[in-house]
Each structure stands twice: as C-alpha cells, then as structure tokens.
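Dropping the structure in here first, questions after.
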Amino acid sequence: MKKTGVFICHCGINIAGTVDVKKVAEELAKHPGVAHAEDYVYMCSDPGQNLIIQAIKEKKLDNIVVACCSPTLHETTFRNTAKAAGMNAFHCEIANIREQCSWVHKEMEKATPKATKITKSAVEKVRTNEALEPLSVPVTRKAMVIGGGIAGIQASLDLATSGFEVILVERSPSIGGHMIQLSETFPTLDCSQCILTPKMVEVSKHPKIKLMTYCEVQEVSGYVGNFKVKILKKPTYVYADKCTLCDECTKVCPIVVPNEFDLGLTGRRAIYIPFPQAIPASYTLDDKNCPDPFTTIACGKCADVCKPKAIDFDMKPQIVEEEVGAIIVATGFDLYDKEKMAEYGYGKIPNVLDGLQFERLCSASGPTRGKILRPSDHKEPKEVVFIQCSGSRDPELHCPYCSKICCMYTVKHAMLYKHHVHDGQAYIFYIDIRSGGKGYEEFVQRAVEEDGVIYLRGKVSRIFEEKDKVKVWGVDTLTGKSVEIEADMVVLAMAMRPSKGAEELAKKLKIAMDKDGFLAEAHPKLRPVESVTSGMFLAGAAQAPKDIPEAVAQASGAASKAVTILSQERLFHAPTVAKVLKNLCTGCGMCVLVCPYDALALKDGKVEVNEVLCEGCGTCSATCLRAAIQVKNLTPLHVHEMIKACLGG
Amino acid sequence: MVNIQSLKEEARKCLQEGKVKYIIGYEKGADGWKANPAFIKKPEDVEKLIWDPTCFHNLARFLVDEKRRKAKEKQPDTRPVGVVVKGCDSRAVVILLQEKFIERNDVYILGLSCEKAGVVDERKLARKLDGKKPVKIELGEKDNFLVFTDDGKAEIPVREILAERCLECKANFPVISDVLFGEKTKREVLNPFQSIEKMESLAQEDKWNFWKQTLAKCIRCYACRSVCPMCYCDECVSDTINFAVTADTTAEEKAQKIKWLEKSPVLSENIFYNLVRAIHLAGRCIDCGECERACPVNIPLRLLNKKMEKEALKLFGYEAGFDPSQPSLISCFKDEDPQDFIR
Amino acid sequence: MDKILAKKDLSQWLKKLDSYDIYAPQKDEDQWTFSIVENSDAISLDYPNVVVPSKKVIFPQREFLLEFSQSNEKGYQIKEILPEEKSVIILGLRPCEGKAFSLMDRVFGGELKDPYYLKRREATTLISLSCSTPPSPHCFCLSVEGSPHSKEGLDVLLTDIGEKFYVESITEKGNRLIDQAKQVFHEPTSEERKKVEKIKSDAEKKIKREIKGLNNIPAKLKGMFDSPFWDEESMSCIRCGICTFLCPTCHCFDINDEVETSSPMLGKRVRTWDTCQFPDFTMHSSGHNPRPEKASRLRQRINHKFQYFVEVHQKYQCTGCGRCISLCPVGIDIIKVLEKVRDYGA
Amino acid sequence: MEDTFEPRIVAFLCKWCSSAGSDLAGVSRMEYPSNVTPIQVMCSGSVSPLYIFSALNRGADGVLVSGCHPGDCHYIKGNYYARRRLALAKKLLEHIGLEPERFQMSWVSAAEGQKYTQIIKELVRELKPLGPQTKLRRKV
C-alpha cells in the first residue's frame, strides 16, 4: 500500500483558529495508508518545508498532502518542496482548508470535520495520481500582431526592439487605426498625427517588422509557441514598389465613394491613398467600387495614365502562410452603429455627428482644413450640443457598459470648439463626469472655467430638425427644469464597440469574448493582458474601452508577456492532459466534437490526443460514454475516490 | 402492402451475386407463431424469410456482433451484411453510422415499412386471447390484426394490441435503406409521448414509489443492454470488472477499473444501473422498445428512455436517428439552451 | 402418507404454520412471483410458470458470506455471517422446481459442503403442486427424467382433484407440517386414490414438447466441442443472462467485497448469481478470456447441462420447465438446439 | 428533524470560476454553513452525470455543480456542454422521483464570493426539511 504523508498548516490562527488541526492530524493518522500526519504553525515557512522534506525521506513517503490555503497560492511552493525531497511534483496535492473552510466557518466542531473530509479527499486523490513530467515543445521565436492601430503599433515596436521578428497584420490599406483620425488628444491637446506618424514610420522602416496591410487572418492552428497562420493578402492592384505617388490615377478615376478616413464627410476615388501620411505610402484600387458595381465597367483610365505601369487589374488574392510563437490581438474598436441611435437623429440629420466625425472637422488634415463648419451648409455653428453616453450605460436599449473615454474626449471637443469658434456656446449633456486619470480632472475644470462650457446633467429626450436648426429637448436633473436648445450642430459621444469582425476572429483564434463582445482576459486582475488561450495576448480597445495611454501601456504589457514565450528555447506545458484508453475507445468521435482546442482527432478508429494542444479541461471525458478518454490525475477514478472520501464512504 | 416475395427475391439476388456476406432477417420461431432473427447465408434459404406483426427484434443489434466477429478475422470478408430493418431499426443503423461504429458500406439495408401497423405487444395479446394459444398473426385489410389461434381466428383492431412504441412511432418506415419494401405511408401519431405523460403527472413521491417497486424487481440479467444496438461498448461502466483488456494492459490500468455500483441486485444499485443506461442512451435511443420487451420481469424501461427522448426534443429540439451527419445530442449545444434551472 | 385437504381448508392449515415464512406464488400485474404470504387469499395456485423460480428462496441472488473491517490499530478482522435460523415453507412450487433443488443439493452438498445453501435448504419445507395441465407451452419434463407429479426433492406434493387437494407427504418434514393441523386432513377414499392416478396420467399426456434420443446426446456433445455448429447456433444469442438466471438448476455465483466505508475500512463479502452467458464470467485477470465468443458460452450452457453434469452426477442438469425457451428474447429453443446436436452430421 | 439534521452536500466546483469564487468568499471572510464539501474539477464540462449519481448513491443529501457563467468559461465552451448534459441528468433524477432540490447547478464567477455564499445558504436551507436522502443511497 502506498504511504501517504499529511501535513496540516495552522497558518497562524487563520486555520487553527477555527479548525482543530491536532484533531485533523489524529483523524488522518487513522486513514488507511496514511503513514505520517502532523501539523505545524506555518508549513510554507522554511522550517515547515524542511519538516516535510525530512518526513518524506525518513518515512519513505510515496506521496504527500498539504492541508493549507488555496492551491492557487502555495501549490507550486509545496510541489517544489516535494521535488526537493526527490518526489514527483504530482505526488503532492493541496487540501484547501483555509479559503474553503476555516475562513468561512465559525464553529470549530463544524469546521474540523469538514477540514478532515477535504483532507481525506485530497489523500485519496494524491494516492491515485500518476507521476508526470512537464511536456516540452520547441518555440517559433516570432510573433504576429493583429491590428495596426496604436496598440498594435506599440506592441510590434516593443517586440521588434527586443529582437524578435514581428508580422503586423492590418486589414485596411494603412496602419494608424483610429488614432490617426484624431485631431488633438486629451488632456495635453497635442496633435494626434504628430505623435503617431513617427511610430508609423518606425514600423515601416524596422528591419524586424514585416508589415502586411490590406491583409486578414484567415486561419490559425497550432498551439502556444507553435502557431500556424494563414493570412489572406487582398489584392491592391497597385505595385507599391513601382508607384511613384504621382496621384495621376485619382485625377482620372470617375468613381467617387464616401471616404472612410473622413467618416463620409468627404469623398474619395475608387483608386486612392487613404490619407497623405499613409503607411505604406501606396495606392489601393478598391474592388468593391471598381469596376463600378452598377455599370460593371472597368474604365482602365488609371492604368492608362500610370507611367510606371504600377497598376495591374489581374492581381489576385494570395494566401500567405506564417509560423509564429505568440499572437497579440489588437483589433481595436468601432463606434456604436448609426442605425441603432436613430432616436438621436444620427445618420438622418446631417448636422448630428459622432465624435470621430467631429475629430475630422477639427483636424487640420480634415475636410474643412481644421475649420469647424457644419456639414449641411458649411456655416460656422454658434451653438453646439455634445451628448455623452450615447449608447453607453444603457442596459435596456444599448450597451450596458461605460465606454470610459467619452467624458474626456467630449470635454476636449467642447474645448476645441471654443478655440475655433470664440463666440460659440458648447453644451454637454452628461450622466456623470468620469475624469479619473493624470491631469484629467484639471482638464475638465479648465473647460468649465476658461471656456465656459455648460454642463447639463441629464438625458436628452428628443432631437429633431427645425428649419436649419437642430432642436434638442432634454432635462437638467439638477434644476429639474426641462431644457430646449436650438443647436446648429449636435455631437454624440457614441459608445465604443469591439471592431467589426472581432467575433469572427476570436472564433478563429479560439479565444473567449465577454458578454459585450470584447475579448476576455484570462484573469480580470492577475492576467489582464493574456487571453484564455495560452500564447495569445490582448492589447488596446479590443479587450475593453480605453484611452491612448492605457492602450499603449497594455500593448507594451502584452509585448513583454509575448517575450516571456519567445525568449525561450523550449516551452513547458502542463502534463495533466487527456489520455485515451484505447481498449475502450470505439472511435465514435463525440469527444473530438466537444474539444475546444481541436486537440483530438480520430486515427484508425481510435481517438488520439495532441498533448500540447490539450488544456486538460476534461469535457471530452464527461462526454465519453465509456470513460475511454480521461484527464491525467483527474480521471473518473480520482473523482470517484474523492466522492467516497467526502461522504465518509 | 409489403410484398414478402419481392423481399425474398432481392435477398436471393444479393446472395447469388455475392453482393452481401449474409442477410439478417426474420424467420418463424420454434414455437410456431413468433418470428425469430434469421441469418440467411444460402440463396435457397431465403424462402425462410417472413414479415409479420411478430417481427419485434431490432436486427441492427446483430451488426454489433458482426463488427466484433470481423475484427477477429485474419482476412476479413469486407462485403456488406444485408440487414432487414423496420423504421425504428433503421434509425438504430443511423446512430451506428453517426457514431462511426459501422460505415455505410458495411451494410446493405433492406427496409420494410410498417405502413399502417407495426408489431404486436405480446402481453396485450395474451390478455386478449386469455389462455388461447396463437398460431399465426397477420395484418388484416381494415386496420386490424388477424390472429389465428388453436381454435379459430380472431380479428383484433390494430390499436388494441399494437406495441406502445409503435403507437408512438415517429417514422414507421425506414429513414435509410438501399431497397425499400412497402409504402412510406406516414401513420398519424397523435402524441408520441403519451406513455410517459401519465408518469409525469404524478407527484414526486408517487413517481418514486412507482420506480421503487418496479426497479426492485430488476435481476440484472442485462437483457436490456444485451438486446440494445446502442449498448455496443466492449466494457460497460456498470460492469464491476474490466474485460476490455489486451496483453499490453498494465496491472495498474486494471486496478483502476471503477466500481461505480455493486453487482448486487438491490434497489440502490439497480437504480444506479438504470440511471446510467438511461443517461447514456439520451439522444441515442430510437425507441425500438426491445429492452422493455426483453425484460423478463416486465420493467417498463421505455418510461426512462422515452423521458430522455422527450426532454431532448423539448429542451434542445433534438431527435435521434434521422441524420447520421448531425453531432450527437451531448456533443453539441446551442447558446440559447435553457438554463432556468441554474442559479 | 397420503391425505386429503379441502381447498377451503388450505388457509386454516397455513394459519397453523404461522411460525414459518411461507413463500407462495402471488400475482403481480401480468406475472407471478414467489413472495412471502401476507394473507392467504393472495395465493394463486393456478398459475403458469413463475418467472423467477423458487430457487431464489434457498439460493438467493444476493447473500452475505462474511463481514470485514480494517483499521490501523486492529488490522484486519473477519466475521462469518450465516443465514438466520428461520423455518421456511415454499408452497405451490412445481415438481420440476423440487427436482431442481435435488440437483442443486448434489452441487452444494457434495464433497464440498456449502453451509449457506445447506442451512437454508434444511430449514425449508417444499409443498409442491403437481401439474394437471402444463404451466408452460414449452414444458418437457418427461424428456429429462421428470414428470408433472415427480416427488423428487419435495416434502409434500399436492394434486388438484377438483374441490380438494390430494396430499402426499414424502418426508418427515412433510409429515410434521401435516401433524400441525391434523383436523383439516382426511384419509383419501379409494375413489380419490383412483382419481389422482387418473389426473396424473392425463397430465403426462398433455405435455406437448419432448426430445427423442436424449441419451445419446452427452456422448455426441463431447465430440462437438470444436464444431462450427456453435457459431451457427449462437448467431442470434444476445449474451444476456435470462436463460441461466431464471433456470431453476443454474447455480453459478460470483463473490464480491462490498465496501461500506473506506475510512475506517468496513464492508461485507457478498455472493451474487452469475452466469456463464456473461462475457466477464470467465475473464481472467491476465486479460485472457477462455470463452470470448458467445458461441463458446452457448456451448458451455448446453454442455454443462447435458454433458459435464451427466458425467459427474449421472443426471441431466435440466428439469424441462421451459423457462429458458419462453423467456429468451430471441427465441433460442434448447429443445431445437439439442435435436440439432442429435442429428448433427447424420 | 429540521433543526437537528445536517445535510451532507458535495459540490463540484470548476477551478477557474466557482472554486475561485468560493476562495474569494473565504478571503472576504463571508460565512456559510459547513455542510458542503467541495471537489475541484477543471471545468464544469468535465462533470459526468455518473459523478452525481455516484455521490447520491454514496449517500450525499445534495449535489451542486457550479461553473463559469455562459461565455466566461476558461475553456471557452465547457460550461455549455455541462448545461446540456446536466439538464438531462436533472430531468432524469426528478423523473424517478428524487426531490429536485437534491441536485442543483449554479454559475458562480471568480468575483462572486457573495453569490457562492448565498447559494450554499439556500441549498442547505432547502435540503434540511427534506431530511436524509435515502432513495438512491446504497445500503450494504
């Protein structure tokens, strides 16, 4: 019979205060197979650990149980202790008698028997455990970053500077993301493009960064350290290396479509360069609009005028295959859908804009060259109403969460407006003002004091057009009076949503999303930049609404997390993975269907486990009707034995 | 009307051309009136084949034996086996395909449509005849069975002695077959879950008292699982020793056989066994009713399987045995699966 | 000792026997079962074969052999559990079941004595009812050295002669029961003696099924051990335990330790019915299974009953009750099988 | 009976949400009855109906299975499979006449120590009046 040692920790009075540790030790000493049971004031202390090592050696123990705090805290500690005594780490189990016992009960006569049961069940488990060694796999020392916004750019630069190759995949023709569309940034009001473009250039010049714009991730397989990625290279129909940026083509292109970069405030041609400082600096022929969807005629004028013959209508989509060891997802955000905010006339009334459109109006590179003119008649608006939480914090109709940055950028907008239109008046409807952040609160105060921005606490009930005005009806909940403003322009601080296609991508990557569709972190506090799938990391607004400094910080965090993988020759993977009892397997494939990681496959009528893909969740084993697939060290037998112990049976 | 001659012809053809290894069908049983499974190997033997309302057996069950036999053969004969199936049996074949236990070209399916009837319930019949010994049963013209007894002939309306499962049958003709005999006449089924609704209406304690009495009778002869085509596991989780063992099975592996329940035929263990069987058949049972028919102590086993069938449909819109390509009930889910029972 | 008992007096007689646990056939829905008599009206002596034979009373499907415990202080401890001292009557079993007990006596009471069986057997008195009409369409007792009124293994044999039972006490045990209620028994008249003989001989004529030339079969079986015949015959067998569990003569068992609690270790050693028809019956711990296919298991069942048992005890281990035939879900018919054996290769 | 009887409950907690949630209850020093003995599994999706039957067979008066909220599963979708599989098991147990309270399920996230505490309290409150679970319990 295997000899088990049991070590019960007092944790000062944390455990001993409500659990009679001596009694537990006595009870366990009677348990069949327990060759040694003792208690000590702090098992995790050096003397405590030494006493374990000693007992293992003297009593020639086969396995041990430490009854103490939650395994999330000291499991590693004691498994290392076991190793130090020449025991396999998996012959050590933790019985959680603190968080799940002593801390939640008051009476000793009740907590003690429970602690005993918990410990006995751990004894039964450890006795069933098999010795395991971590699985080791080589690492592809190369990373992929998905999304070329500020977060993606920052992460790529950090990784590249740390000496690792990076593939930066961006689905639009240029990197820059939403930040490049902004005019100034709060609270410093420095020009967004001026601080971003240097980074963009650095990306394009960096020898370790392979920039893949106008590309989309199509398929991801493999596992941490060894991902295989298929990337779809959409045809631009223009050879960047030949193009001289002479811009002759756009002059002759007959097709005009709304310009995404200006959010439809201006138009662009079917062949275009997204914006002057685009990276890569190259033209793209957008094949959704050329040949003209209606006439379906490709006029070919652009090709005719292109001296360097850079345009090729026969360019085809390509699939590029890459191997990477880590992936950073920085797919950013989109604004809440226009259609969904119809109640505020958004999308119907020309002078109702969203925040990004307003950014473009303020921007020197924008449609009005930085003059704030309203879209309908290019008059200077004298009264502008800004509405916060448009779509945010509205669980009934829209998004339940707070989009976090709106308070701040609305202040900024109001301020910028005043700087452009000195005799204008800015009103802001708000629920609360959330200005946590360095210099943020001061920024808000400045707006109120220096620029006379009027804050109205309340929600807007109705917005409608009357002659050339936009009427805004609302309530000021502080005075209780209803407010009516004849505005020239209304700006909605629209909620932030995960960018379109994020869900699809998450499915391809097999990473989880939260209820709002943002990518889920592995742990809300302790693992905020890791996804639930090892080797994949999160950065920027894809994970949750956040402002530029936060996005940049998280990007660097994600990059350094990725480095912890890329910097290693080999990776170690928990060996508690699924195993197949071939004699029992009938090859029905039910487990293959339920595996979240595609770690299982049928081969010659039996299922096989790809151990490095398996995360050991055990869904397969509960699905199997014949227990032919089981997770090592948490097999049905383990559970069976634990059930018996828990029930004193 | 199923023409038994054309079935015999097809069977003969298959055997003469060597298209099939052998044919699993029905023949007259020793007691002269009930059908028995028949294994026809020679063309001349096809004359034995019969089709009447006593063809209870789900012959798909024997595909399991065939697979085991083939696995042991040195040079296996890879020709398909011909199997005669009713509607329910065909759905069993679908499950075996869905679970990749057999491949489509392992079987040549001779489908028989039950048309307006199905199979009789021996116990109902016995009650009807009270004492009289039947010698032959035929499906009559006008929704009735012609029952010939040692003294004369009785005409009994189909509904009165038809097996419950046939009264509740969802597809009384094969859903998969290579040749089909008889018409695909869909019989009107008013309520496929009639039999369990009474049960469901009972109070918890009455339910319990019912099952307590019923399952106490179980003698664990395992006829229910032995007769079931879905119980094809080499080793059942309710077996107390492991015998899916090969030369390379380590002593440790053997020692790890879990004794979930005891061999003792006592209530608690009988319940455990029957719970395990019911849950393992959820989304797999196609209600051929063979377990209930085979049970020597009359345990109404369909009441367990039918409950799972009903819940699968009600909760998850899942029906077993119609599509071999669909994922099985518990290896898929829908985001909108009910969770009102979860806190 | 022959007596007459008016049917109406049966209940009186039973009242006198209230110190015994009396098992008798009682109807439960469509079936009859042997269960302890609570009130004598529930007894129905006019019944087809009881599905679970009365062997369950003397050779229960589950019985305790011993209890054990183990603790770090006391180590292992074992205590034998013998059947409780309780006199039992089985009333209304068929003569073939009585015969079955006489066969089982040879197994459990041979050179190796089984205290559990023997104690119960000793404490049990068998009051049988002879079959004036075959209780099963598949009765074939006459072919296996039995008869619808065989006294073998019985203590008392009742024969239904209309309003009355003709009572034949066969053993001392039997006499004791009758002595407990002398007043309700009468001496049979010569008519009644004639009548019972008539009824018995008529009963024999009513038995439809038989096997001819059974006496050559044991030898024949010996030669057929490796014959493909068994593969053919077993094709339709589904390897369930009905034929053997419900056979009044089958007596194979398995022994398991049922652990109540593992800390401290406490439990009982339990004997339960087992059957050669289960694949795990012959499973070796090595993983080798001498009877892996159902063919070998069907062969075992037939050979045991008609060869091995005959070689050891000069008796067929079959009473012709017909249960295995009528209850087999796939209609395997032991008579047909034996006839095929008889005619095999001829 | 009610005031003296202490139900024995086995709780299968998924490592990432419910077990973490119950740890949080501890860290926050919340108090709840000691009737529940937890068994930590990796994912609620790994809980086989057999585990529940076995616990009841071994004399549990109640069984709880707790996992991550839908969409929050550490293994992306394990809890969805659990939800489906265990719904069937629950229906089955109720079908044979077991009191519905005896087997329950909950979603408890790593942040929901309060909810875990609440659930245990309710569970015990509901089970006490039912008395010991003898229906499925083995008697050797």
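So that you can tell them apart, the chains are marked A, B, C and D in the order they are listed, and the count of residues begins at 1 in each.
One rule holds for everything that comes next: contacts are C-beta pairs under 8 Å (C-beta built on N, C-alpha and C of every residue); 3 or more make two chains touch, one makes a residue touch a chain.
Everything numeric in this text was worked out from a predicted model, so none of it was measured.
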In contact with chain A and with chain B at once: which chains are those? Just list them. C, D
Indicate, using Cα centroids, the chain positioned nearest the centre of all protein chains shown. D
Sorting chain pairs by contact number gives first A-D
Chain A to chain D, mean C-alpha position gap in Å, rounds to 31
State, to the nearest whole Å, the distance from the C-alpha centre of chain C to the C-alpha centre of chain D. 47
Centre-to-centre distance between chain D and chain B (centres being mean Cα positions), rounded to whole Å: 35
Identify all positions of chain A at which a residue touches two or more other chains, and write them in rising order. 594, 623, 627, 636, 640, 644, 649
Quick one: which residues in chain B touch 2 or more of the other chains? 237, 245-246, 249, 260, 262, 266, 330-331
Residue list for chain D, restricted to those that touch at least two other chains: 50, 54, 77, 81, 85, 140
Where on chain A does chain D make contact in their complex? 70-72, 96, 98-101, 103-107, 110-111, 113-114, 117-118, 121, 510-515, 520, 522-524, 532, 594, 596, 615-619, 621-623, 627, 631, 634, 636, 639-640, 642-644, 646-647, 649
Please give the residue numbers of chain A that touch chain C in the complex, ascending. 29-32, 34, 120, 124, 644-645, 648-649
Which part of chain B faces chain C closely enough to touch in the complex? 29-31, 34, 36-39, 57, 61-62, 65, 123, 126-127, 133, 219-223, 226-227, 239-241, 243, 245-247, 249, 254, 262-266, 290, 293-294, 296-298
Which part of chain B faces chain D closely enough to touch in the complex? 199-200, 204-212, 237, 260-262, 266, 268-269, 271-272, 275-276, 278-279, 282, 304, 307-308, 311-312, 315-316, 329-331, 333, 335, 337-339, 341-343
For the chain C and chain B complex, residues of the former touching the latter: 29-31, 51-52, 61-62, 137-138, 235-236, 238-242, 245-246, 254, 256, 258, 270, 272-273, 275, 278-280, 283, 285, 287, 289, 294, 325-327, 329-331, 333, 335-336
